[in-house]
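Both of the next two complexes hold chain A, though its partner changes from chain B to chain C.
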Partner chain A sequence: MARIRLENLKKHYGKVKAVDDISLDIQDKEFVIFLGPSGCGKTTTLRCIAGLEAANGGNIFFDEKRVNDLEPADRNIAMVFQFYALYPHLNAYKNIIFPLKAEKMSSHEIKKKVMWVAELLRLEHTLNRKISELPDGDKQKVALARAIVRNPEVLLLDEPLSALDEKFREQMRIEFLKIQKALSVTTVYVTHDQREAMTLADRIIVMKEGKIIEVGEPEKLYEEPKNLFTGYFIGSPGMNFIACRAGEEGNIITEGNATIHFSKAVQKKVKDISIEKFIFGIRPEYLYFSKTIMKEGNYLKVKIINQETIQQIQYGNFYLGNNLYKCLMQDSESAGSVERYVVFHDEKIRFYDPESGEIL
Partner chain B sequence: MTNLEYIKYARKEKLIKYFFLWPALIILLFLIAYPFIMLIYYSFFNFSFLRPVNTKFIGFKNYVNILTDTYTWERFIFTFKYVALAVSIQFILGILIAHLLQSEFRGREAVFTIVLMPMMLCPVVVGLFWKYMFNTEWGIMNYFVHNVLGFNQVEWLGTERNSLWATIIADTWMWTPFMILLSSAAFSSIPKYLYEAASVDRASNFFKFTNITLPLSAPILILALIFRLMDAMKQFDLVYTLTGGGPGDATQTVSFTLYKTAFQYFYTGEGSAWAFILLIIIIGLSSILIKILNYLSERNR
Partner chain C sequence: MVKLDHISKSFGSIQALKDVSLTINEGEIFVLLGPTGAGKTTTLKITAGLIKPDEGNVYIKDNDVTDVPSAFRNISFVFENYNLFPIYNVYKNIAFALKSKLLRVDDAEIERRIKLVSKDLHIEQLLDRPTSTLSGGETQRIALARALVRQAGLNLFDEPLSNLDLKLREELRVEFKELHKQYQSTIFYVTHDHDSAVSIADRIGILHEGVLHQIDTPENLIKNPVHINVASLINYPAINVLDCRLVGKKLNADGLLLYELTDAELHAIEKVTDKKDFQIGLKPRDIKMGKGKNQLSFSGKVLNIEYQGYNKVINVDLFGSNIRMITNEIVHKEYGDEINISFSKNDVLLFGRDNGKRIK
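Now for the complex of A and B:
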């Protein structure tokens, strides 16, 4: 079992900084997920950890051992690739035992290991089949079996679900969680799907343009993103970010010149903000439509444009200036051009610096 | 388009199709089918091209004569020996050199081009200049053996055993590039991520080569082997210029014997029988290899 430490890791391709000076500590047995849009450097980081790419700078430690100059084979890692990378000329069984044969394990041991892993992943019926005959979900299961059959110290997964259909994804997600807990292996997982990250990870590492934007537990990143990008990328729909400036009495004026009225506590906070223009952020799930205003509450008057259902939850859309924002919608609410108040609680309100994207 | 118009149109289409098809077919029939049929036909006659009179149908006598003659078997044994040695050396050498050429280094492309050059030459030319290089008195091979290595001069083309090896060396020089070319193509068609997966799976380079590279490139390698086997079985021009079949009949391949029978002694009927026997052997060998090829392609799919 191993702890992974990245220290100022850099990987450049010519002028492109794929991984731009990142540092990170991954605990033993932890399940961390690198999350970010394509081209953010998450896969490159993973490949550096695997040893498939040589870092241009910085250090990678497994426990206290610096592994930068070690071959992948000497790092005691296992990896699951996006497109399985199974050996096409071997059947499922022979694919799984490949790493064991490479280690010259005795055939008795090999058999025991395969029985164990096949049972764990419920692969018994696929063992003798050709890879090309397997459904995609089973292919990725075989790839996972090949990865864990050797009990590696570190398990690396490079977008393992992105090539699968939705129905296999759900099943494999559960499989991953089960395996990771059963083996308690340090796991680094790369994905661009925030839902995967939210359901699987102990900690999520949000990356953008080669840099780590934010690191934290899924709930933490969801509830209180320290950065605009995190709020935008995590959660579906993403967070509402409303450009605004301070108005009278600690209230704020949004784009489109609407005024958001705050409670006393929030007004105090707004008065402390030193910059002129800032961003007000709140998740659509924490906004409610209301016909009336509560005393001492937060509210904003809007016109509902239409409604939209995202993952079985209904949202009402409204405009501020030229931008569309979302608000949770109760069933009873009627859609289409009606005026409503949008109300919300103090503790869900976040303010951000538009320059740095950091929370205020 | 009405029905009638359509039928007219279709008829015209058909005519045009034949108009384009027939010239090529006629040429093919004339150049391949006709000689082939005549070959089988003459193999049953004691026909001589120079003495067309007294031609008689003699049934399988040509075949019986050939197959019961110990001389024939000597020729076949020599040819098989030569093919087995030359082709397997080329096969192994080609794979190894192609494997070396897979790694990235400066000037790789230039080396590749130079390595492939011998293949582009005409076999007769290759035979001729190897003949000069093998010359006992002033050939460069003996210069190397004698003046550089300090051994006695070798009679390269003078003894039975040496001339076999001289032929193999010249043929290998010429045809290893072919194996390199096809092996390289096979190797570079293997996706890189399989090697990455294997590195992560802690496979050594040798394990990767034997467990990924070779099995996945096997269909193309076998195909290359088929080409080489068919070609080597028919070996004629290189031997003709390099050793002239000598010393004595020592390096006389089956094709060479066929040539002598048909065009020096002008036993056209017997020569035809020779050719047909050779054809059958090559088809037999190839079909075995094609079976293997199909099996391997199916497995890798």
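Now for the complex of A and C:
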């Protein structure tokens, strides 16, 4: 059992506020992922939870117990880093049993534990081999095996996949999920890779400049980001954010003076917006071509300047003013420089306040 | 523009490149894609003249430059770690490339070029800053600027984006393509990052353990891989690979009967090989949910669903093998649920088990 509670956690390095007053509840057995660009404070937060960094302010609770003053060894946690920190000249078996040595277990018990974890991670064939002889994917599995062999209450993972080739990464993602299910361990994971976060997390914590920007389930953050930064950072490509102002009848005028036409329902919403300049947000995946437009529907006219393939999906790039935006292209369509109508559905439209970045 | 002709290179007992030949056309972006240790950087260094090949010749603009020192090849080179001078400011770092006695560029011309390139790369405001104070993305731009001001006919890039956050990488890819349009130089780019390769390349060469398997456009490589390594590296998510055996007229994969071959298909295979052991390659995007018409249908269990925004990757346990499929439909399934999947016979790629070569 381990519920983790961060209460007004702060960590400063000189003038830099690496973690700037964050509070968060992590449920028992939950898999949460801290996501953000480098320097956002995600790793520092993890290291505070681990006890590798002392917080400058605030509290960390495991269940009801305040752990700020406990040594890492006394927190019943296990940690896996980007670089595996294994003993290269020892075999996998000896690396895995390392944390058990301090625990006064019989050698029979130790062996049972290792076999259990080796089977779980399909590592049986590597146990007698030296770490230096193993492929990268297996090395990281051994590191993971070593971390979980003690049945920790909390598993902390710091960019565990970023040093691996894509092929291993896909395998390891599946392993992580399996382990998390099998062990029911509270897991805190740090990454800058939104794909990993979307795939693995029960909840994602989006961080930027030491602060938590938004917390939510992957699907929720993707479909309805409450903050501009979330929409930008989650999804590949990120969301289109088009600066605009209200035009006639509740339509909007964009940069470069293009008009985006809205349906009646959306026009009504636009009329209720109280600020003069705001931001229209929509995912590129929800903008698609149409030969004909409906007078009552949502549409804009664009000129596709080039196309781009991202994760085997084709996108077209178009300008509004000086900024590039993306829309979806079906397989059979070619770019050309002709003008096209792009249409979209009411429920995919979001409006944001450019000052605060928050959804309207 | 560039021609590598039967290049081989060994380091001690390790053969880094095995008879590699390729031609890069004037003005194109050519990407060499391969996993860590494939020999990509070695190929690039041989092109640059930083390493001499054991065998084979290097041609630049039809001149044999195999024995020409690097400085005389009129090329620019951006490494993974950018090699900027931390004590100089940005301007001096960029200018450095032009101060070489070989180039004889006068100060007025240097200033003109830097002005131009810094506008294109949005780094005008950084010119006075020491490079040690820059962020990763800024540093990357400076390294790029330094390569571009030389106006060399040939630009060599070694994983220039790999140290950056994923999000930044995505943005710079677009900029990179736009810049290439303006400067129209020839680009030779090596990377292990599938997404970068597919999104920027005119043509891609697939390098694996020193062997160059295939060169073609990204689309053609996906459609028509000649080797299992090509299929593995070019598809995202990774292609499904199943071992299978020809029993009579039937293809058996892990005890799962795939389908019966027609006589014509059987003859076609027998013409190429007398072996019975194969590998099947099946692209995640060629697998559909449900029972399709004229399709091979199977029933499996859902292992997990990777939510990736527009697309979802479903991992299906099919008789003990993990099969990945990709869909943009809404999926109402959970771990352990039964799922029907289907695919067309035509989408099954067949490779030799022993040599990995494409058979069908």
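Here is the rule we go by: the second predicted complex is superposed on the first by the 356 of 360 C-alpha atoms of A that agree within 3 Å, B and C clash if a C-alpha of one lies under 4 Å from a C-alpha of the other, contacts with A are read in each partner's own complex, and residues count from 1 in each chain.
The rule we apply is simple: a contact is a pair of C-beta atoms (placed from the backbone, for glycine too) under 8 Å apart; a residue touches a chain by one contact, two chains touch by 3 or more.
Note that the structure is a prediction, hence the values are computed from the model and not measured.
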item	value
Chain A as common anchor, with chain B and chain C clashing or fitting	fit
First (chain B), second (chain C), both or neither touched by A:M198	second
Partner chain in contact with A:A102 - chain B first, chain C second, else both or neither	first
Partner chain in contact with A:K139 - chain B first, chain C second, else both or neither	neither
Chain A residues touched by each partner, larger count belonging to chain B or chain C	C
Touched partner set for A:P218, first chain B, second chain C, both or neither	second
Where chain B and chain C come nearest after superposition, their Cα distance in Å	13
Contact residues common to both interfaces of chain A (with chain B and with chain C)	none
Contact set on chain C toward chain A in their complex	35-36, 135-136, 165-168, 170, 173-174, 177, 192-195, 198-199, 218, 222, 232, 235-238, 285, 303-304, 306-311, 313, 315, 322, 324, 335
Residues of chain A defined as touching chain B within the complex	50-52, 71-74, 77-79, 81, 83, 85-89, 98-99, 101-103, 132, 146, 150, 156
Contact set on chain A toward chain C in their complex	37-39, 136, 165-167, 170, 173-174, 177, 181, 192-195, 198-199, 218-219, 222, 232-238, 283, 285, 306, 308-313, 317, 324
Touch list for chain B against partner chain A, complex	191, 193-194, 196-204, 207, 211-212, 215-216, 299-301
